[in-house]
Amino acid sequence: MGHGGGGALSAELVAGLFAPAYGGRTLAGLADSAVLELGGARLAFSTDSYVVRPLFFPGGSIGDLAVNGTVNDLAMSGARPAYLSCGFILEEGVEMAVVDRVAKALGAAARAAGVEVVTGDTKVVEAGRGDGVYLNTAGLGLVPAGVDIRPQRAVPGDVVIVSGDIGLHGVAIMSVREGLEFGVAIESDCAALGGLVEAMLAVTPDLHVLRDPTRGGLGAALNEIAAAAGVGVVVNERSVPVPPEVANACAVLGLDPLYVANEGKLVAFVPRGEADAVLAALRAHPLGAGAAVIGECVAEHPGTVVARTAFGGTRVVDLPMGEQLPRIC
Amino acid sequence: MRYLEEFQNPELAGGLLADIRAAVTRPWALMEVCGGQTHSIIRHGIDQLLPEEVELIHGPGCPVCVTPLEVIDRALAIAARPGVIFCSFGDMLRVPGTDRDLFRVRGEGGDVRVVYSPLDALRIAKDNPDREVVFFGIGFETTAPPNAMAVHQARKQGVRNFSMLVSHVRVPPAVEAIMTAPECRVQAFLAAGHVCSVMGIEEYPALAERHRVPIVVTGFEPLDILEGIRRTVRQLERGEHTVDNAYPRAVRPEGNPAARAMLADVFEVTDRAWRGIGVIPDSGWRLSARYREHDAEHRFDVSGITTCEPAQCRSGEVLQGLLKPNQCEAFGTVCTPRTPLGATMVSSEGACAAYYLYRRLGAPGVSREASPVG
Amino acid sequence: MCLAVPGRVMEIAERDGTRMAVVDFGGVVKDVCLEYLPDLAVGEYAIVHVGFALQRLDEESARRTLDLFAELGLLQEEFGDPWEAAAGSAGTEERN
Amino acid sequence: MGHGGGGALSAELVAGLFAPAYGGRTLAGLADSAVLELGGARLAFSTDSYVVRPLFFPGGSIGDLAVNGTVNDLAMSGARPAYLSCGFILEEGVEMAVVDRVAKALGAAARAAGVEVVTGDTKVVEAGRGDGVYLNTAGLGLVPAGVDIRPQRAVPGDVVIVSGDIGLHGVAIMSVREGLEFGVAIESDCAALGGLVEAMLAVTPDLHVLRDPTRGGLGAALNEIAAAAGVGVVVNERSVPVPPEVANACAVLGLDPLYVANEGKLVAFVPRGEADAVLAALRAHPLGAGAAVIGECVAEHPGTVVARTAFGGTRVVDLPMGEQLPRIC
Amino acid sequence: MRYLEEFQNPELAGGLLADIRAAVTRPWALMEVCGGQTHSIIRHGIDQLLPEEVELIHGPGCPVCVTPLEVIDRALAIAARPGVIFCSFGDMLRVPGTDRDLFRVRGEGGDVRVVYSPLDALRIAKDNPDREVVFFGIGFETTAPPNAMAVHQARKQGVRNFSMLVSHVRVPPAVEAIMTAPECRVQAFLAAGHVCSVMGIEEYPALAERHRVPIVVTGFEPLDILEGIRRTVRQLERGEHTVDNAYPRAVRPEGNPAARAMLADVFEVTDRAWRGIGVIPDSGWRLSARYREHDAEHRFDVSGITTCEPAQCRSGEVLQGLLKPNQCEAFGTVCTPRTPLGATMVSSEGACAAYYLYRRLGAPGVSREASPVG
Amino acid sequence: MCLAVPGRVMEIAERDGTRMAVVDFGGVVKDVCLEYLPDLAVGEYAIVHVGFALQRLDEESARRTLDLFAELGLLQEEFGDPWEAAAGSAGTEERN
């Protein structure tokens, strides 16, 4: 069992193990959230567990992530996030002050995101069999009528938009990771994107795909979409907004910014005719001020993401394989 | 001047490419020695910009790729021992040994830690006096001085629980071996700029003369690589074979004397097996006798390990430029980056992995827009 | 091989008998060992690899190199757009 | 941070830490699930994490628990369970065969319970920072009109019914717990109770309280209800169905069967007038064949559960404090 | 005959209770010595069935309650050491030392394990030869033989990494101490049946004679306890003070000779402090000299530990029947089972914890239906 | 103190030089050390505490005790229902 950093291993686990085990129309891993009908309502339902280390990092904490991560997965279906569940797995001996700080951050993030934590659970595991605090949240949202946003809807001709600077969360986390510490004046972009999606939907309900490029970064998100829709994606590397600190941290560590995690960004596939309006709506919102068109959806090389480099060459942007590790080579 | 963005500026590539095109009249096979250069070429798509006549052969300059299977298995055996903290650069964690990799060892309970610098491993040793801390000392001449310093300080400070599993390799003997192979197709070398930053360029004139090949010391940024290629092609077209320094801002003829002195103290030259290639005389470094105490091979009994590389894997030929990866039968079928048979499929600098990415694009290719440079 | 990056020395201090610097890599700051470049001064740039400064960067050489690139650019028009020429062959199996 | 075995510590954590941190109408821990409105539908929403050791035990596995535990929490609101999310936290190095077995058990349990696993997540933590497999599920169900089942609705005069033999799950788990192993021919009662609740609702929608007495057993469940409703509860100890193996295992270990966990039982507070019919409905269902009236809800000693012993004496059945430990004394 | 359900049968309680009622003419204070009996009395509500004249005082017979604070602190110090596996019966984990308990030590990373039998701890020691395994050897005469056997086998089998922190206590000296206290209210004892199963009853006649108190050896099932009370009340009403065996199915006058021989070999009598009460001469056992090697106090330096019981806590008086728990100022306010000040509030057999449960019912009491028996 | 329970010996075997029994506690089966009751036989009952058989249970004594309890029950009517008498005082602070 390899260390999960998003991408290929997780996808295989879902396709090869969970999907056959659960049977039925298992959406797990395919979309950010499941959209389903219950009592006449169209609901989005999603879950994520949070095992980030350290628990507190520049710009946020595991509590913020646990809200925003799940809220964003709901928003990526076009849903308006409404309710959260929250499960704590605490390691025996963890300080109550730490749990309290996490819970407070979680509560504040929920209020900021306009969602309510309505049900919860706490388990305590033996010392040495956990790591302080693990969190799981599941979220519920309401999908407006006429909205159908999912990876399968990407079609050639779609314009690919990212909502702002990439790589901030991953670099912020790495900068405080044990043994890797470095100084950098950036913070995680951790934020809830429900409002941003509402602003986009106000322009047009016909968004094809939304995805929050978290673990595995933009590279993983685009690959997942390309695979789900059977389309090719071409990214113009020069257009991808990479802040200098992120680029330089990646240079020092031998990483590719395309694979670094984000927690407050989305990537959108929109019909070409709506692209300008959607871009304008994004830029008008504080969380989308840095939005940019970064590429397009093509019929060629289905399932494959290709980056056009600044020099006019091309390279395949593969699904990242497990954890991103600092390289010397 | 930041010495970085300036040499990544696509606006300046046009002139270099134009000059290469102007100069080239017939096919040339150039080998970039260093995996870092391979990475840069792929990352920026530089090879796609070159005239058809210029072929780049990815050389053996990725230490991840060339570390012998036997050494990897030794590392795995040591890392699996209870009480050991095994420290490594991140790249090595996914390199397959005979039946597993360091990730797997970690998954099975081994304490395997990724460090950024060998000094981090030394600090871990000081912080854990009751544990054996072993650092996996791999790399070329650029990584050797930092590793040497860690061993040197361990000895000086009496950090007895720190040892190093050394598998350092040296570039010039590899160049010599490649040129000596009867099937050799390589006509020129882009020498590894950072290796030369440390070692200088004194070893190269004899090589260039003996094999009548141009050797151009080349940096890692895209413009540096284009400049290295440009100078190489110019020499080839003129029938010259001199050593040329295209990376003068970082490379002085004498290299870094302090680092070279430390290398001479801590290490001694030894024959070294290169994965896929075999033993190359004098191509490696091992700890010298006075550092025996910090030698992990000496400290841990890992002698009984014999290995056998998968017979199908032809990475040796690939590494020497004798075979294109897709000419290997296993390529893309049983051997992929997810299930690598040979080390050249593991590292993103590996020739087979690099090829795999392009291969997957399939025939129709990517539609090409107008040049981003005016 | 040898992921090394240029950085600028911001501070120098002796730590545990080792000469160490705080080095700025464009907003990313790390501790770096100066034992192999003991005379490196604050404000200078060096190539840094796995936590060690390995070689000082020479500004004059750098400028000369960049000037050369610029000059070559002026000649470009004589030979036409190189991307045009490359476009036909990129991304296919035969190339790389 | 004490080891959680249900009861007092968890309740304090909810009241003292999570509720103030989250704000709003946090139902966490009070009811088995939250009941809320979304898009015009009345939904039940619940979550639990599963950290049971060993992963496989007589009569089930962590996969079965993860489905039935959450499904039952939904059913305890009178909801018809419909959808599940599922989050795995895997420890690096766990065998894929183990994960596969757990996933298959989970899938089979979901099919048996008539629910669908629609969204999931997998995280991998470093070896030594987990314990093989931790699971979280969240569940969604639809609450029928006119149904209002929650602990606060217990009123003096209510009859307290348990759906069958207690203590089976806890004793089955203990029998295979490292260092405690004993032979016993019983299995966990792990089962989904959605159908049983439907059968009860078919008799009357006016069930006051339902609860599945899991961690902390019947003792904890009754205390939580007594506290939530501000009522007293009197249990006639002789009427509580305790199988001899459970009684004898408890005798050997020094435990009280009232505090031993169940995973396929419910306790119901029903108006006296409905008690006979509800009891009959329970007994007609395979999962309720052993149902019994065990006591009543009283106005006296609010918040306190009292057991009338077989000898006619009484004792307070307190909230259990943390993990149940074998005693010598 | 299962020797269990038969003695839990409520149908048979009526005659016993009727006989007690028939016999009693004035108030009597009986002490049940053993925590197991206290547990049974509370569990079944037996005290509520007795005539008002019969008062039960919960004695000091819970080893969890009486283990001195100093010993607990020593246990905590040993358990917190890296490399130690500290094994204990489950009851001890929540007993508060000066500033924490074993649960807390475990929470802070100590390897504290609950075992069912001391032989399990011995097995853990064999399975972990590189660790120090320490067993917390507490208990009365019933638990002492099993613990003695574990030490004996460790010595015989050469399990050098096994040691025991011994704080065994003996019942008869405690009875003596209670009766000698000037304020003593106890007029009769229900002796602990299981202690007598091992030790026999030879020590009791002298006690009964000296203090002129009936001593009735009593079992643990509810009918056993009623029978013990019945026989005691009969003696008291008749002005007798003999030793009577009301638990003959499990207690022979000589006890268990094999177990007593082992106790004599492994342990030696020592003065022992009882929590809340203070030192009682000859009231404990410690490992005898030949088992010094397996003595945790000898192996680990835990000498510097001095303790101070909370001044507020009056558990000593409670344990001696001199004070009802609710007469303690801290009772139910700062001292509850969740935040126990004294050990009598910790264990469910503790007099204060037992009292706390009833106290919480408040004045109105529980409505009482007709008798479940006939 | 001394949570000991009666169990019935089902099997006896020597293990690592120690006499051990498999003991049945009404459907709950555990290994028990017989070193202190070496002559205990299969089918007999003993008091077991923390994994050790400590004393053999004597059936005749047990029967006599139970017979006595039954006899006392026959006398009960003379004195009325003892529960009735107890009911007034149970569960209150003054009692226990």
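Should a chain be cited, it is by its letter among A, B, C, D, E and F, assigned in written order, with residues numbered from 1 in that chain.
By our rule, contacts are C-beta pairs under 8 Å (C-beta built on N, C-alpha and C of every residue); 3 or more make two chains touch, one makes a residue touch a chain.
In this text the structure is predicted, and so the values were computed from the model without any measurement.
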{"item": "Neighbouring chains shared between subunit A and subunit E, ordered by label", "value": "D"}
{"item": "Path length in steps (a step moves to a chain that is touched) from subunit A to subunit B", "value": "1"}
{"item": "Starting at subunit B, fewest touch steps before arriving at subunit D", "value": "1"}
{"item": "Farthest-lying chain, centroid of Cα atoms versus that of subunit C", "value": "F"}
{"item": "Chains linked by the largest number of contacting C-beta pairs", "value": "A-D"}
{"item": "Approximate Å spacing (C-alpha centroids) for the pair subunit A, subunit F", "value": "63"}
{"item": "Distance between the centres, which are taken as Cα means, of subunit F and subunit C, whole angstrom", "value": "84"}
{"item": "Separation of subunit C from subunit E, taking each centre as the mean of its C-alpha atoms, in whole Å", "value": "76"}
{"item": "Subunit F residues counted as touching two or more neighbouring chains", "value": "1-3, 5, 26, 49-50, 83, 86, 90-91"}
{"item": "Interface hub residues of subunit D, defined as touching at least two other chains", "value": "1-3, 92-93, 126, 128, 248, 251, 254, 306, 312-314, 327-329"}
{"item": "Shared interface positions of subunit B, touching two or more other chains", "value": "4, 35-36, 45, 47-49, 62-63, 89, 107, 116, 120, 139, 143, 349, 358, 361, 365-366, 368, 371, 373"}
{"item": "Interchain pairs in contact, sorted by label", "value": "A-B, A-C, A-D, A-E, B-C, B-D, D-E, D-F, E-F"}
{"item": "Parts of subunit D lying in touch with subunit A, wherever the complex brings them together", "value": "1-4, 10, 13-14, 17-18, 21-29, 31, 33-34, 36, 38-43, 45-51, 82-83, 85-96, 99-100, 103-104, 106-107, 110-111, 116-126, 128-131, 134, 136, 138, 140, 142"}
{"item": "Touching residues (chain side subunit A, partner subunit B) in the complex", "value": "1-3, 8, 179-180, 234, 238, 248, 251, 253-254, 256, 298, 300-301, 304, 306, 308-316, 318, 321-322, 325-329"}
{"item": "Residues of subunit C defined as touching subunit A within the complex", "value": "1-3, 5, 25-30, 49-50, 83, 86, 90-91"}
{"item": "Residues on subunit E engaged by subunit D in the complex (per definition of touch)", "value": "4, 8, 10, 13, 35-36, 39, 42-49, 62-64, 89-91, 93-94, 103, 107, 113-116, 120, 139, 143, 222, 337-338, 347, 349, 357-358, 360-362, 364-369, 371-373"}
{"item": "Complex contact set, residues of subunit C against subunit B", "value": "1-6, 8, 16, 18, 26, 33, 35-38, 45, 47, 49-52, 54-55, 57-59, 61-66, 68-76, 78-87, 89-93, 95-96"}
